[in-house]
Amino acid sequence: MTAALLLIAVLMLGSAAAAMLRRNLIHSALLLVASWTGVAAFYLWAGAEFVAFAQILVYAGAVSMVVLFAVLLTRQSREADLPIEPATVTRTASAFAVAASLAAVIGSAVATARFPAASAEAPAASVKQIGLELMAEHGAALLIVGIVLTVALIGATVIASNDKKRDPEDAP
Amino acid sequence: MTPLHLCLLISTALFCIGLFGALARSNTILVLLGIELMLNAANINFIAFWRYGPNPAAANGMIFVLFSIAVAAAEAAVGLALIIAVYRHQKNIRLQEATVLKG
Amino acid sequence: MSAAADSFLERAPLELRDWAVQLLPAPLQWISHHLITIVAVLAVFGLFFAFTTVAERKLLGRLQNRLGPNRAGLPKFSILPWHIRHKLFGLSQPFADAVKALTKEDIVPAAADKVLHFLAPVVVVGFSLMTFAVLPFGRNLIPVELDAALLYFFAAGSASELAIFMAGWSSRNKYSLLAAMRALAQLISYELPLILSVVPVVLVASTLSTSAIVQAQGAWTFGVLPHWFVFTPWGFAGFIIFLISALAESNRSPFDLPEAESELVAGHLTEYSGFKYALFFMAEYFGLTALSGLGVTVFLGGWQAPCELLYWVPSYLWFMGKLILMIMLFIWVRGTLLRLRIDQLTRLSWQFLVPLALLNVGNAAFWALTAQWSGPLQLVRWAVSAAIVIVPFLVIGRSLSAGYAPRTYRYAP
Amino acid sequence: MNSPAPAFASVPSPFGAPSGPTVRAVHDQFHGDLLEVSMGPQHPSTHGVFRMIASLDGEQIVKLKPVFGYLHRNHEKIAENTSYLASMPYTDRLDYLCSMSTNWAYALAVEKLLGQSVPDRAQYLRVILAEMTRIVNHSCLVGFLFNDLGTSFTPLLYAFREREKFIDLFESLSGSRMMCNYQRFGGCRVDPTPEWLAAARTLIENFPRFLDEYERLLTGNEIMLARTQGIGRLDPARAVNAGITGPVLRASGVDYDIRKVDAYGFYSRFDFRVPLGDHGDTYDRYMLRILEMRESVKILSQAFRDIPAGPIMDPKAKQRGHRPKAGEAYARIEGPKGELGFYLLSDGGPNPYRYRVRPPSLINLTLLEEMCLGHTIADSVVILGSIDIVLGEVDR
Amino acid sequence: MLGSGIIKGLAVTAKNFLGSYHDPARMVTVEYPEQPTVLPEAYRNFPFLISEDAADPMGTLRCVSCQICEKECPPQCIVIEKSKDKKPDATGKPQLYPLTFNIDISVCMSCQICVEVCPFDAIKMDKVFEVAVTNRFDGLLLTRDQLAKPNSYYHDIHPAEAAEVDERLAAERKAAEEKAKAAAAAKAAAAAAKATPTPKPSDGPTEASAKGGTAA
């Protein structure tokens, strides 16, 4: 089991790190899809099937599409894969320093922390149970998320829509 | 080291990779994707605590993750719409150059 | 009835597998159990794919008053007598095609992104095959029994358009790039109505498991009228929405925009040749078959017999029969319709299918709430449910087709 | 509309104020990048070796440059170096879908130059064959148009199934399916047998049934309506100015049919109507073809009724070695694609001194960019298909 | 109603689908190599030369090497070389004959103009269309020997036309013979009466009548 977890972790972290380092934006996006799939694999490993499928559906199926679309719509040069100019060395270095130190702090905290003993067998959460909890206990939250999603959808459409009609007057 | 520790370390690493990307890259889309990675790291924690927590019968961890995924999707949609809108105005998606809010 | 369910034919595939598994040493049994399942699904649907291609070409041919492929026979060294092996109704055409695809040169454009160009066909075939895992092919035949099977199906299926994007973008060809953009727009637009069209069934059957959904459709009124979901107003509407979205998801005509041959040459496939092309072709048919299988499972009663008298026929035959009918329907549609434009395609989804599908979810909720109504109330229930489907269809349909109508013409004086 | 030619002054403008998307053909740092796509010469929908260099903004066309000449075969110069008769088979290769009417146009020009008369039966035969050619051409065109619209060959193959019957008749009459080489100066080459005429009449009687079925398949189809209505509008004034002729011009509402204007051949003896479109879009161009086929059927049934017996060749006509007196002649017919004209200049020798074709395909193509601007790349192939070009005629 | 046009279209294709199984008018495919196509009599493909006698094709070619077809051929695919000597033709009259008669059928466009302009009915259109060869230069250049086919073959492929041609030729020959006879008789009479010069035997009338004949 641990071996499987390590394998998933290598896939997930490796592709995430590669995504953040690649110069090619499309490659980054596709590598991130791999990373998200790795996260879904982790959920599967942990026994959260429903969440894993939702993760794939939302991230690999929807968010990645939107990202790729945005990349293609905002391409600047004639080549579809524009190289992204590297940020300055100082910026990269300081970002690395911040991330590494944060990793060190949290990592050491996690490593030294003690947690209450886990239950031996994997918890079973059926779809029905999740559904009942969502509708009953978290009903209000579900409603709010629904509203947030609707607002986000409308907002995204409004922001991205080409509001200015093209007319001959605004020719340069 | 228990599996829970391992999971938490993995999520820490993922979070820090996301953080590095968000800080180091100048492309707005990549910054957004870095933030998405950080959200995912948090989700891993939720699942890990649900799986190895004292009370796995309650599906709270999973439900948190579901909400988080939904909100992340909304965030991605709005964020990318913003990026496209900014690109329309400035013909550029470099973060440094998006210095004015007025279009 | 239970006798029929336990009949030898019904259990034969499972018995065969168990017999094969117990021949092996114990440590290998677990893995071989699953391997046999996978190999069986691959073999059955691989062959099914092969004959779907030939059926498509023959049916399209007949629709167009042609014969279709009827020449590829058996090779000379076959033991069959000459007059049989000579033509064999063209049934060996797919194998000839396979040999051709395998032996053709694999051309990768010099400017292509080699890794993605290679990965795209692999990903597309892999993910399209994964969707078969949760389809109940028969009463006892389901590769993986999952609680969240429907969610799994859509999750696995959503990756195929990603592969199309990879193919289109990595080819470094302008046609391919346009095709990639179209594939993305199409996926974003049609994933939603596809899922929404199934939600009513989930609501009424109150489960995400495919086998449970099939179980929920297993009854007959008077022994002849099956309780398939397609025979309810909301189920019918859902089925139509599902059909349209499935056509779009599997890039079939009239939604074959990514590979629109009259506009983009071959779209994302322009720079593919040989076996990689064949893989795309295969994945397209696997996707089509899987989506048809889902449609059969969710709306057409899955492996359930259409009437009680025919209950003894093995359930997997019913499933395959319905699957073949669905695929023939798709071929028929392909032979008749023309292609939409990309803006019309997205408009159809967002202005027509999504609102109708959302209303249909409400319709299903009404249906589920009024489950106890009986007698004359039953008629009211049907009427209301049908009205919820038909009235919005007419209203939205009218606004969608506003301004488009056949015209009358004048003649010169 | 500025000032339409007097002949068309009676036509009310079917267009209000110019509508539809205005498109800027700009390509600078403020407007992002245009994707330049070269469609053709090897492209499934350019109807031969035609090439369109389209600049796309997204999927929208902001610039379109037609390129042709890939099929140039030096037709005119070859004709200036061979005898008058020997050019006749070359005219088959101009518009290889309608060789019968192309033959007629050339024969008409040479007859004008020679002062040659044509017997009545031959005149009727010419009308019959030209109208059959029109049906062949229009049904093919509609099939190809629908292929461009993305059908899986179904309408095209139905059209070809019917076309095959016409082509078989052409073959049994002239010996060749497409390169008929049938008309001669002063008449026709072969006299059809009564069986041939009867077969042709039966074919024509059954043709409207096919047209009805075809229209049931296509005309009311919602996708087809959405794909063609309002697409590729052509303003009548622009069309007249650009010299557009044929169904493309009439779809824009301009009443100009050379069969009526010139009444060449025996067209004045036939009762037929000229359909006109009001919108000038792709749908009108499609429907005009269908309606013209119906009118052709009407002409053909009258011709089969009235065709007289008699010689098919003027007995005084020379078979070969034509040496017309010095002079010039221009003859034109209403070809299926538009005004097909031949201009001949003779210096008294055995070859024409100057030979010039007015190809409707080429001239109708000149406004392609204007029709395509603002539409998507998917529409551009449809618009090209609705113009009806044959590259043999465009490039000559 | 949205979709009614589509449903109508689906009905049409379904009708055609069913029709393709029982209605021969809807299923017009001819499976070519097994089912030979029936060519109409008027069908033309590439020209061939007519010889009167199958046993001696070269000796009995109708062609007199007048080179009209060479001149009129639009793509100029015919090459003829005249003989220096004369050989008697079918009527026994001495005529020139082609030493070379080549047709490059990769250039020929099957227009039939050579047939129309030939005053001697010596060149006709063949119906052979399976002419694929492995060498596109020499393989498609047909020589005199390959082109010569007996008159009986012409009767096989174009029976009506051949019968008409034969009838006409026979009539012409008869007319020519009668004329020659009359001329001979006249000559004899004249010789008997007076010693006058013989009238030259003319082939003018033959040519003129042949010209009229091809128009039919």
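When the chains are written out, they are named A, B, C, D and E in that same order, and each has its own residue count from 1.
Everything that follows uses one rule, which is that a residue touches a chain if its C-beta (ideal position, glycine included) is under 8 Å from a C-beta of that chain, and two chains touch if they have at least 3 such contacts.
A quick note: this is a predicted structure, and the numbers were derived from the prediction, not measured.
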item: Chain located farthest away, centre of chain E as origin (C-alpha); value: B
item: Middle chain, criterion being Cα centroid separation; value: C
item: Leader among chain pairs (count of C-beta contacts); value: A-B
item: Intercentroid distance (Cα basis), chain B paired with chain A, Å; value: 5
item: Whole-Å gap between the CA centroids of chain B and chain C; value: 34
item: Geometric centre distance via CA averages, chain D-chain A, whole Å; value: 58
item: Geometric centre distance via CA averages, chain E-chain A, whole Å; value: 80
item: Junction residues of chain B - those touching two or more other chains; value: 91
item: Chain E: positions in contact with at least two other chains; value: 2-3, 6, 9, 12-13, 16, 26, 28
item: Interface hub residues of chain C, defined as touching at least two other chains; value: 63-66, 177, 181, 335-337, 401
item: Residue ranges of chain A in contact with chain C within the complex; value: 26-27, 30, 33, 40, 49-50, 53-54, 56-57, 60-62, 64-66, 68-69, 72, 80-81, 126-128
item: Chain A to chain B touching residues, read off their complex; value: 1-2, 5-6, 9, 12-13, 16-17, 19-20, 25, 28-29, 32, 35-36, 39, 42-43, 46-48, 50-51, 54-55, 58-59, 62-63, 66-67, 69-71, 73-74, 76, 84-85, 87, 91-92, 94-96, 98-100, 102-103, 106-107, 110-111, 113, 115-119, 122-123, 125, 129-130, 133-134, 138, 141, 145, 148-149, 151-153, 155-157, 159-160, 162
item: Chain D-touching residues of chain C, taken from the complex the two chains share; value: 60, 63-66, 174-175, 177-178, 181, 253-254, 256-257, 260-265, 334-344, 401, 403-407, 409-413
item: Partner chain A, residues of chain C touching it in the complex; value: 113, 116, 146-148, 151-152, 154-156, 158-159, 161-162, 165-166, 169, 172, 177, 180-181, 184-185, 187-188, 191, 207-209
item: Contacting residues of chain C [partner chain E, same complex]; value: 59, 62-67, 332-333, 335-337, 393-394, 397-398, 400-401
